[in-house]
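Some structures to go through are shown next.
Next come two complexes built around chain A: one with chain B, the other with chain C.
Right, the complex of A and B next:
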């Protein structure tokens, strides 16, 4: 899988329509002298080898209708490292995503899921969500048959916690199995320009991607799977709008005192809404969990500066103490461990309904990144499609970012397949329209809800707190609405 | 049938019947294809009218604009392939091999919307596409240059079917001759259709799409599409030239060489797109396919 590879000679330019022998000879001669300047022609060039880009290419290679497409992948990281990624069973990466059953079903369809290191994947079956200010609580599980999602009648799993590297490594293994793909990794996109027009070939609507090593790839369809600062999106002149939350997402791999209150088979995800943002603890195999704490940038830097013992105390405090106590502990530069043991004695909480006590944090996994909300004005242009974070960046509180990307991929792969079987040019904007109209409204709705939730729980007092507490209790009491919310979380809504 | 529809249909005699009366096919049907070979075709009865050619010349520059006047045709194009696939699947011995074996002749290809798409399909061995309008022909040539994958498969000719030499050997004939949104623009559809016959292989198909001549099509294509909404440029359609599905069916039933006629109606729904609608062939846009008999 390493580095650039495989197949393909330079496109041979043949005569077309109004031809004469003389012109034909001239054309061949001209191309012979300028061969090095001619870009190599691909049907799909995907910039970005993260979960979204790799899923798209796997889907295209796995489907018979699209398997004859000539495809190239450009990735700045070393994909060999990703392909051979391995960690001991007592260590977990801090970039973990919650994959919904519908994302998993898609990954199974394209043959990637069987390459996953399944011992490192943790399904969970219940969510405990509560308001840090009022204490109102909602618990999500699948009680009996009533609220099971209809498309997964037998399953009781809400989502599967999966390390992103486990997923990308599995996708690369599947791509290796499928073959027939040109990979340029460990290299970056130097620039993107439109192609040239010659007497017989007009690439003036084709993006030509130039790599750092001077290689040039002309793309019938250029896919931007290149993240929030997408160079492909910039090339296409598509604006991405939104705002920064003035929050950082702090992540860490932590160790709990046990496997959870329900044991290994009944894992629970916890999320508590604090005025500074939600803090979530999502189960990994064994005693491990992954922490996602959205908080003020200053709090994030404090947390990162603490000793392991004090950091652990802060995380335990975040699930136990009142927002006032917690705010005080953020003013201390150290000594949070003692502070917690003292304050805990004076705080009432139901031990069974909060996560087990955290006893360790894996070295080197405490990290933070700024939280943003961004949505591209459109997902398509002439010979352009944006997927995943290049199209939308969402607050992580609903754990939907990667699943949204998988939804994009499923839709784009289907759109390309339809175009191929109906003779359409897969790069033409008209061919891509179904993808954009299918995904834009869906993503916009979800992003709106997640954004509103963030703002709703940012309020510390007054009628909003009373209303939202009433809201959580009401939702908890109404099985039907809860079922709907859970189906959304499970990706089936 | 509502009285208004009946009255409208009665008042507008079929272009097929009206125009074919003085012509050649009624009494000498079995020889008509010979009689109408391009060389013998009198200029006055050519399928192509000067007004139609100049109208489409004017449209040429926007032919491939996805938001231009041809947008509805672009959107309809995938359904043409679905219809052709449904015709081919009727075949008693369908060529199950996915390798390149189908030869297309696209008559009145315009800017090449269908011709290009047919050339991209894996089962296609060649597409020959003809159009009498010089500007439209240039648009088609220019646009084909933007896709290196079709250069070997697709050939354009700036000509009408009457002036295009018919193949002399069976192997050079075509599996599928297409007339998409063409016959409603043709003055004399019966001799025009007959001039297409010698191009089709025995067992091959003529597949066309057009609009029924009903009050609904008058309302949607002339009043709404051209005048009110403007999605179709004014003057694109001459409603009296529209041909109804049953007129085509009856006419082809009289042609000794042709059979297996089939049709499906399609309707454009704003916000949804084109959809096949059962029975739609009686009141709006429809696809029509008819097959040349083998062993005659």
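Right, the complex of A and C next:
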């Protein structure tokens, strides 16, 4: 793999403003042939060009205080592909995240949201959550007046379903617009070491990132936005602790028979807690929805092996049939569609309160990944900051993973800005302390709650089921408490 | 005994893992409450919707009356239906739904009557087949497959079938275990069924043990109850046997597949004891005469 690098400057960018000219981007890439003796020095080097990394760089570039920082981004994938990502309107990527209003507000603040392909973003206004064993249910929607979240008056949206690629593409567009950023994409980090002391320069406390092409970058502040197996975290010697859930998250883009019970303007997100894990169906524009089904690894591999008709039947069954029927249907290697049509006649469910029938699954979108809970011991070190998945990995049942990352970015950007305006060294651990203290407890609490929810609903029978059902119904009946929880969810992360 | 108990506990634990416990809240939609003034239409042919209070009254009344007269099969049937909801019949249905054969039975909904089960054909089967044993047992006890009441007090239509199926298979359990229809045999079989199906009526039937003679009672506690509990817990769910398909099967074969040991032949035991008593009496009277 050839490594390439490019520097985006304002004059150059004009050429890239339109998609048809984007090919020009390639011409301006310079191919490195030799490794430089002394590393190039940057204020911020961010490893990882996912939503978290790109949001941070956008935030830093967009703020007047931090716009003079010399910044580099290192990403293993080809960002040009991401930047020019495009799908026809009847296809959706299977990696979709729920963005809370506060995450959106932040993205608007840094000027990224207006680059989003808004026709591919689906706000939803109501949530239906129920217990697959007892059937007890809670529904969330912003009630009429009085309990709207104060920071977003008049709005009724709980969250916005956005394809991760749509978001990263928008962030890249915004970065192009802002310019002044060195990007090394399509290359990987070979190793990270502390720099050396020479006659003119003492880099002995600075992390130096060496790329596959031999290029070396010294960082005043090295940001690890490099995912769950973060090399930056490994370099900093920060432990990440937690456990595997022995569950896989199965995702797919599916097509429903209609736009939903509330039509295009009143979309509903559904989540049913099954003993094997929650299954969620989250709305996308039109008749489309994205499926996130946490289930046993063996079940996930069975589901992936099924014919489309049987897979669709299993997803429909997951929202309709009893856990006993579902358990049995997971032992069948085929014939689930037929089984569902029989069992539906003998199972009662309120049609209006479950998702409309799924009629299709987009080819190639059925995939699964292991679910983990991980939390780094700390988010900061000397000249090190960890954000997003590098700092924490959470069960997807609350749809908070990406929002947590956005919260980190918001806080870290503010911390860096404060350090700059107060003449501090942005890489000093002391300057980074506010970021860690602001985010650690918040994330820890959310992760704890999500983890406990997973465990609570993993129980299949017994008094626990009765208690949790009672509790859920009690919360559902208490408008005040429910409103509080919703405001937390909308503003949290 | 200790070993037996331990094994039973193990079996129970095992059973808990594969099945839902009876206190699991089973229905996805709880039926709407109604009063006697606006009784809803029946959910299936012959269904009689009852209010909770009516069900409780039916349970209490049929329990008392059937204890006074254990031969009233209709009352025992009513007791079974009145106590099967809210939990137990769902558990039994779920046990069927967890098993491939059980699911097939629920899907096909076979009924056992003298028309679906031709006794002539069954009698013609080789000895030791399930069908032959069943026919022989019916002949020996002088009962017919048609002497079964129709389920009417269970609200959910599928669960009503489960109850019906349990009831119609009851005679097969007799044939399988060889226990006779007399009260003593009936109680032993009910104990077995309770350990196996957990239906409350079968457990409540244990009260009838108070009506037994002292020596029968002794036999029940020492022989038949331990047998019933051990076998009932250890055996597979007998509700999942598709009897119609097992008719030509060797009965011993089926017993070992299900994990059931045949208990001591009650009728033979009673006959032997009776003969012994008669002989003793004869000896005694002879002694007196001499």
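Side notes on the structure shown:
Here is the rule we go by: the second predicted complex is superposed on the first by the 453 of 493 C-alpha atoms of A that agree within 3 Å, B and C clash if a C-alpha of one lies under 4 Å from a C-alpha of the other, contacts with A are read in each partner's own complex, and residues count from 1 in each chain.
The rule we apply is simple: a contact is a pair of C-beta atoms (placed from the backbone, for glycine too) under 8 Å apart; a residue touches a chain by one contact, two chains touch by 3 or more.
Worth saying up front: this structure is predicted, and the values here are computed from it rather than measured.
When the two complexes are overlaid on their common chain A, residue A:429 makes contact with chain B while staying clear of chain C.
In the superposed model, A:325 lies in contact with chain C only, and not with chain B.
Contact with neither chain B nor chain C is seen for A:369 once the two complexes are overlaid on the shared chain. Between chain B and chain C, the partner in contact with more residues of chain A is B. Against chain C, the residues of chain A that register as touching in their complex are 133-135, 322, 324-325, 327-328, 342, 346-350, 460-463, 465-466, 469. Of all residues in chain A, only 11, 13-18, 41, 68, 197, 200-206, 220, 418, 420-425, 428-430 touch chain B in the complex they form. Put simply, chain B touches chain A in their complex at residues 66, 71, 74-75, 77-78, 81-82, 116-122, 141-142, 144-148, 151-152, 154-156. Listing the residues of chain C that touch chain A in their complex gives 20-21, 23-30, 94, 97-98, 100, 103, 106-107, 157-158.
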